[in-house]
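The first chain written gets the first letter, and so on, giving A, B, C, D, E and F; residue counts start at 1 in each chain.
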Amino acid sequence: MLFRQALIRVIRIALDEDIGPGDITTGAALRGDETGIARATAKTEMVVAGIDVFGEVFLTLDPALVFTARQRDGETAGKGDLLAEISGSLASILTAERVALNLFQRMSGIATMTRRYSDAVRGTRAKILDTRKTAPGLRILDKYAVRVGGGHNHRFALYDGILIKDNHIAAAGGIVTAVKRIRERVPHTLKIEIEVKNMTELEEALAAGADAILLDNMGIEEMAQAVHRAGGKVSLEASGNMTLERVREVADTGVDLISVGALTHSVMAADISLNVMQVGGRTS
Amino acid sequence: MLFRQALIRVIRIALDEDIGPGDITTGAALRGDETGIARATAKTEMVVAGIDVFGEVFLTLDPALVFTARQRDGETAGKGDLLAEISGSLASILTAERVALNLFQRMSGIATMTRRYSDAVRGTRAKILDTRKTAPGLRILDKYAVRVGGGHNHRFALYDGILIKDNHIAAAGGIVTAVKRIRERVPHTLKIEIEVKNMTELEEALAAGADAILLDNMGIEEMAQAVHRAGGKVSLEASGNMTLERVREVADTGVDLISVGALTHSVMAADISLNVMQVGGRTS
Amino acid sequence: MLFRQALIRVIRIALDEDIGPGDITTGAALRGDETGIARATAKTEMVVAGIDVFGEVFLTLDPALVFTARQRDGETAGKGDLLAEISGSLASILTAERVALNLFQRMSGIATMTRRYSDAVRGTRAKILDTRKTAPGLRILDKYAVRVGGGHNHRFALYDGILIKDNHIAAAGGIVTAVKRIRERVPHTLKIEIEVKNMTELEEALAAGADAILLDNMGIEEMAQAVHRAGGKVSLEASGNMTLERVREVADTGVDLISVGALTHSVMAADISLNVMQVGGRTS
Amino acid sequence: MLFRQALIRVIRIALDEDIGPGDITTGAALRGDETGIARATAKTEMVVAGIDVFGEVFLTLDPALVFTARQRDGETAGKGDLLAEISGSLASILTAERVALNLFQRMSGIATMTRRYSDAVRGTRAKILDTRKTAPGLRILDKYAVRVGGGHNHRFALYDGILIKDNHIAAAGGIVTAVKRIRERVPHTLKIEIEVKNMTELEEALAAGADAILLDNMGIEEMAQAVHRAGGKVSLEASGNMTLERVREVADTGVDLISVGALTHSVMAADISLNVMQVGGRTS
Amino acid sequence: MLFRQALIRVIRIALDEDIGPGDITTGAALRGDETGIARATAKTEMVVAGIDVFGEVFLTLDPALVFTARQRDGETAGKGDLLAEISGSLASILTAERVALNLFQRMSGIATMTRRYSDAVRGTRAKILDTRKTAPGLRILDKYAVRVGGGHNHRFALYDGILIKDNHIAAAGGIVTAVKRIRERVPHTLKIEIEVKNMTELEEALAAGADAILLDNMGIEEMAQAVHRAGGKVSLEASGNMTLERVREVADTGVDLISVGALTHSVMAADISLNVMQVGGRTS
Amino acid sequence: MLFRQALIRVIRIALDEDIGPGDITTGAALRGDETGIARATAKTEMVVAGIDVFGEVFLTLDPALVFTARQRDGETAGKGDLLAEISGSLASILTAERVALNLFQRMSGIATMTRRYSDAVRGTRAKILDTRKTAPGLRILDKYAVRVGGGHNHRFALYDGILIKDNHIAAAGGIVTAVKRIRERVPHTLKIEIEVKNMTELEEALAAGADAILLDNMGIEEMAQAVHRAGGKVSLEASGNMTLERVREVADTGVDLISVGALTHSVMAADISLNVMQVGGRTS
């Protein structure tokens, strides 16, 4: 589901950061040939996301470990539910544990929060979107977790989507020039989205032929007005201060998309524990 | 203050992730020679952290930009306070903006929360510590931000500190064996910390000659008892569910250290905006 | 115009490939302190592309060299025209020469050929497009050169544009399923292009709501028919065997886009020579 | 036949360039568990080169794919001939397709053209040589393809062969100084080749003790004269404008080597298609 | 025992350095399908160290080779003793040979010399320590070999141990300031070691609360005096000119630790040969 | 003199290995703005090698430092001689010190030993050669240091020189086959060297047309006989157990080249100290 080469690169950087020349506690306290099994358990209710990433960390450190997922991404796990098991060298399991949990807890935290937003807008036409406000280096995982939680992805980066903000318009000397240049220069596979702050700018964006329009920090009433004006001809994206408390009200205005930076810039890690039990004395 | 080579590596990964082959909106909407100035402003009260990292992102992308910090790390900025200015190529500023903000907002968010914890324990002997529960790839920044916020760093990674957990003890076949092996094998420059869950284990850890003891998920009363028993001979670290509400009570037991995973695993990004104004038509 | 970090990476790989541990001829035959000036000259008529890349190679190897472009990208240089000058350490110039020329000649070759295609369709509505059939590792340069030559870029890679081919349709079990899934899952910033081989498939693609349609290996007549049927509601891209001889006829059918793999998969390098003259005996 | 570590590095760069964070069309249009088989077929007559590289791309992306070569490097495939089969996950096959073909088509294109040159000089003593005018980053593949086509490799790079050009001589202050310094400084495992433009320079090169002499842009007559003068004591390499039309005539002068930059700087990609058929619904 | 990701990185750099685009002798002289067996033999008495690293080099180059260790790290091999066998592709074995031996001979050389030092202090309380004077890039292997030889590791690097030298004290403006700052700023998991040159500085270090004290270039008598003064309360490390001739005398003063830079900065490679025998004509 | 890109890569790996996330002692003990000057001094007589590498380490860590070499590579420094000065941030100097010294001491150690060998054969025709028995990752520096000491380089790696050993001959099925294949397949820029163990093999190598012959572990008499037999037609290289005691006697046999593995596999580091003095309180 994720491009494996990109995933392995993230995992290698993370393992390297945490292990460097070696795990001195595990390396010194154990003989090295102890084997066992570890169980990952949910300590609160959560939407599971990144269970394969979790397993991949252990296998990247030690391909001889055996990883078995007990839940799938997107499932809701309750407090105490078994999520996954890892068996093999205890030293390997203990050394990989923290990196594996750091990624898994972040991803499940993102999915869990996204699910709350998706649930809040259920029944409306609005989709919950992420943004580029992700943890640097982890975007591929952050955005995947949003999808698992029922959200949708906005553009991945600066290279795969066009979003003309007020700064671009100012620098270009007007919306008409900006859009004209973009039409001339960018691949035909890309739509053009324009950020607007009020109804006047909305009119300009419509006139310029925008495919989508981002309503930046508008009030509920103004958003409703924008929906009415646009009449379904372009996608409307609401953005700015989209809290869980407020999101339903926004969705009810009829906007198509609601982008929520907090999904990835202010993640609350899901609580997952790993318990290890020794079962044997020598790795195969 | 940070090892520059490590910092630049993080920034390059982040820029590459966000820009890849190019920023298509900026590249297409602008001529390319527009110049201007951008101002970063605090949108809520915050402890500033990472202002140099913020600047370094712009300079890494375009060494011809001029960056001027208007606050220093550790200072408290109020809503509306100017944090920094960047001047030069508008295209460069717009392209670097998101990565620069993502790092700066995360770091200031960490420092701001850490400051709250430090303030909460003021007047006690307790220091607030971070953990290894950081965003993979960003630990060097996460831990720096904790220091800026008045917290202290626990070990950086698995290679620079010893922490014997119950899993290590179980795998080693007992605390005595684990400590004996570690004393024999690890550099003399490292102290030995042992995790305990109750008073019985505390006694064993003291008998084994621990330099520091981590009290894992103990109640307030039991922590106080542990402080009394240890009598100042070893450092005591309280850990597990250290919420802002509870941390003062914990500190009042007399523990030396309180480690808080949430400082880095559940960061709330500080709110910072960047406003760009065009001032000229051609870069020097 | 190009993301510098990506460009420098390409240049470093290229220099490393050609120099490895060192240029033994230059290192042994010269004292090392000889200085001089080198002039790059067009040996046939060409569209200049990559002159900054050419210079960047020299400066990456030796930042003390001085590079002066005498033409700009997009200009037409005639046989014998001076393109650029490099002055400084002769050893550095001689060592960087081949890599610099390899990149510059390829890029100018691409631009020159693209210009011929653009000229061939002048006056029609058709734009000349590139493809993903580029030299692995050099796509960012190949595609830039196409723009310099008056062509336009198709999607950069698999991550920034949607093109549903027959294989995708077959694997998905039909065009309806494929488009439905894609609408649900991909960012709203992307258009949907569908490849079709005949009028029946064209109808299906239109019915499925394609934003653009690729006409694969159709005959002139059938393309004209497709243009008529589409009636300007979607972009039509002609593809397959688009030789210079045939491209005008294709453009005259009224298609919007003509993609030409040969622009980048079968490049004829532009002929550029570098002549070096010693002028001094010691580098500053 | 190729150093695997170097090959894998090239493939990883190429896959990363084309896939980045993910193949959005395939990722969205397919369920992900579809399986099938793909067949690579020659669309014109060609010398096969890089069939293992072609397979390695698929296996690097997804080690669970099964690749079966149906031709070997160096064999001539006719239009419609089956070249190779890949079976397994359709999503993996579709995602790897373009990179695999880009490398295979370039390599077979080089081998096919090299074969034409080799055939043209058959019966003479002349060997066809490549140059360092390769696509940056792909030299190891370009030069391997030349060998497959019956050509021979000149030095790989600046570090494994000595070729004294006029610029070196000028900078060194004369051929005698240049050769003397080189003899003193470079490993005894390397021969010394000197570039000359006319008979006078040829005499100097012979007097200086060259092991090989490159005849740069000489006319046929002059080359014949050089062959006569050298009398078999040194290797003679003809270079400069060695077109397919002219190469036989050059070979007939009796030179030992003919180096052809166009083999790698102006490649015409071989035409190869990949057809995918779904065969099952779930990957093993 | 070593963090595999770090080990593989070292091996890849080493193979790349020695093989680059390819092993031309082996590639040209062999058909490529020859198989055989190679035996590594000790040519003088040595302590074996790095036998797994030795094997890993062959397997990194060619995973199809079969490696069998005949000795374990830490064992003493006599002249002529068989150390390991490798079987499979002869071309792979010949190409990997030099890198594999370079690492194995260095590591066994370090272990052999360390063993001599350990033997020399047997019966005293002193442990033999290494330093950071290792071959850049190979520290993880150098320090592992010291442990194999019966030595102990000092801190791995600048990040995992504190050693306050006279330069730090001077720059900080006194030992009291330096220690105070360090206590405030570094993780509680680290001890504080201070370098002293004489008894006066020793007193200051003790007063400052050092956990360990490095006696720099002291005479035997002064070291004995220091041991007496410290009274077992802190670890004492003797350093500076610790030759094999002198080390016993130093150990007899009662110091706890003796650090020896020469163990890793002036390694005498162990003498190991690899003999290859062809046994078959075709790789499986 | 060294390819800078390769040098910087070595230095970055070394700095990263030693500093990782940061130099905790320096970072904590100093304020950070202290400035000073450091002087590198020879503690025994040595041939200076790598003085620019030494400086480059400091500048790579902190480009604001000022480095001044007081000796040039190849000069002999006596005990107490000033080698170089570095001024600027004391924190930067202290952090870079160990890596800078590790490289400089190794290189000067190699040059010093090589000088002894060169001196020993002065007046004979023999040149002292290095081998591929270098510290993995440091070959470019090791081999440069040999040149500085008056030695000469053998091939750099497996890719830039041909040396047919007995294993190659056995695997190829005879010297004739091996040489024939090599002549056919390798670039004409390379000579062919063959290893022989006795006069019979010498005859075969001469008959096969070797350009150079390596006399492996021959006795003095046999070497003299080989020199007589070869009669100056091929280069003769003596190898195996070439100690400083024995090397003159070997040179007196008339061989052209003597290769000495110990120059780089058993380096004795030159003794160099760095003394730092604080001079100011604040970096500019």
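The rule is short, and it goes like this: contacts are C-beta pairs under 8 Å (C-beta built on N, C-alpha and C of every residue); 3 or more make two chains touch, one makes a residue touch a chain.
All figures in this text were calculated on a predicted structure; none of them were measured in a lab.
K.L.:
Where the contacts of subunit B and subunit D overlap, which chains show up?
P.N.:
Intersection of subunit B and subunit D contact lists gives A, C, E, F.
K.L.:
Could you let me know which interface, D-F or C-D, is made of more C-beta pairs in contact?
P.N.:
Ranking C-D and D-F by C-beta contacts puts C-D first.
K.L.:
Please state whether the interface between subunit D and subunit E is built from the same residues or different ones, using more than half shared residue numbers as the mark of same.
P.N.:
Different, since most residue numbers here occur in only one copy.
K.L.:
Out of D-E, A-C or A-B, find the interface that copies E-F, where copy means more than half of the contact pairs are identical.
P.N.:
Answer for E-F: the repeating interface is A-B.
K.L.:
Based only on mean CA positions, could you tell me how far subunit A sits from subunit D in angstrom?
P.N.:
Here subunit A and subunit D have centroids separated by 44 Å.
K.L.:
For subunit B and subunit E, what's the span in angstrom between their mean Cα positions?
P.N.:
33
K.L.:
Using the touch rule from the top of the page, what residues of subunit D touch 2 or more other chains?
P.N.:
19-23, 27, 139, 156-157, 159-163, 185-186, 190 - these are the residues of subunit D that touch more than one other chain.
K.L.:
Taking the complex as given, what residues does subunit B use to touch subunit A?
P.N.:
10, 13-14, 17-31, 34, 36, 90-91, 94-95, 98-99, 101-103, 105-106, 109, 132-139, 157-165, 167-172, 178, 181-182, 184-186, 190, 261-262, 265-269, 276-278
K.L.:
Going by the contact rule set out above, which residues of subunit D touch subunit E in the complex?
P.N.:
1-6, 139-140, 143, 156-157
K.L.:
Tell me, which parts of subunit D touch subunit A in their complex?
P.N.:
12, 15-16, 19-23, 27, 32, 60-62
K.L.:
Residue numbers of subunit A touching subunit C in their complex, please.
P.N.:
My answer: residues 129, 147, 152-156, 159-163, 185-191, 193, 211-212, 235, 237, 256-257.
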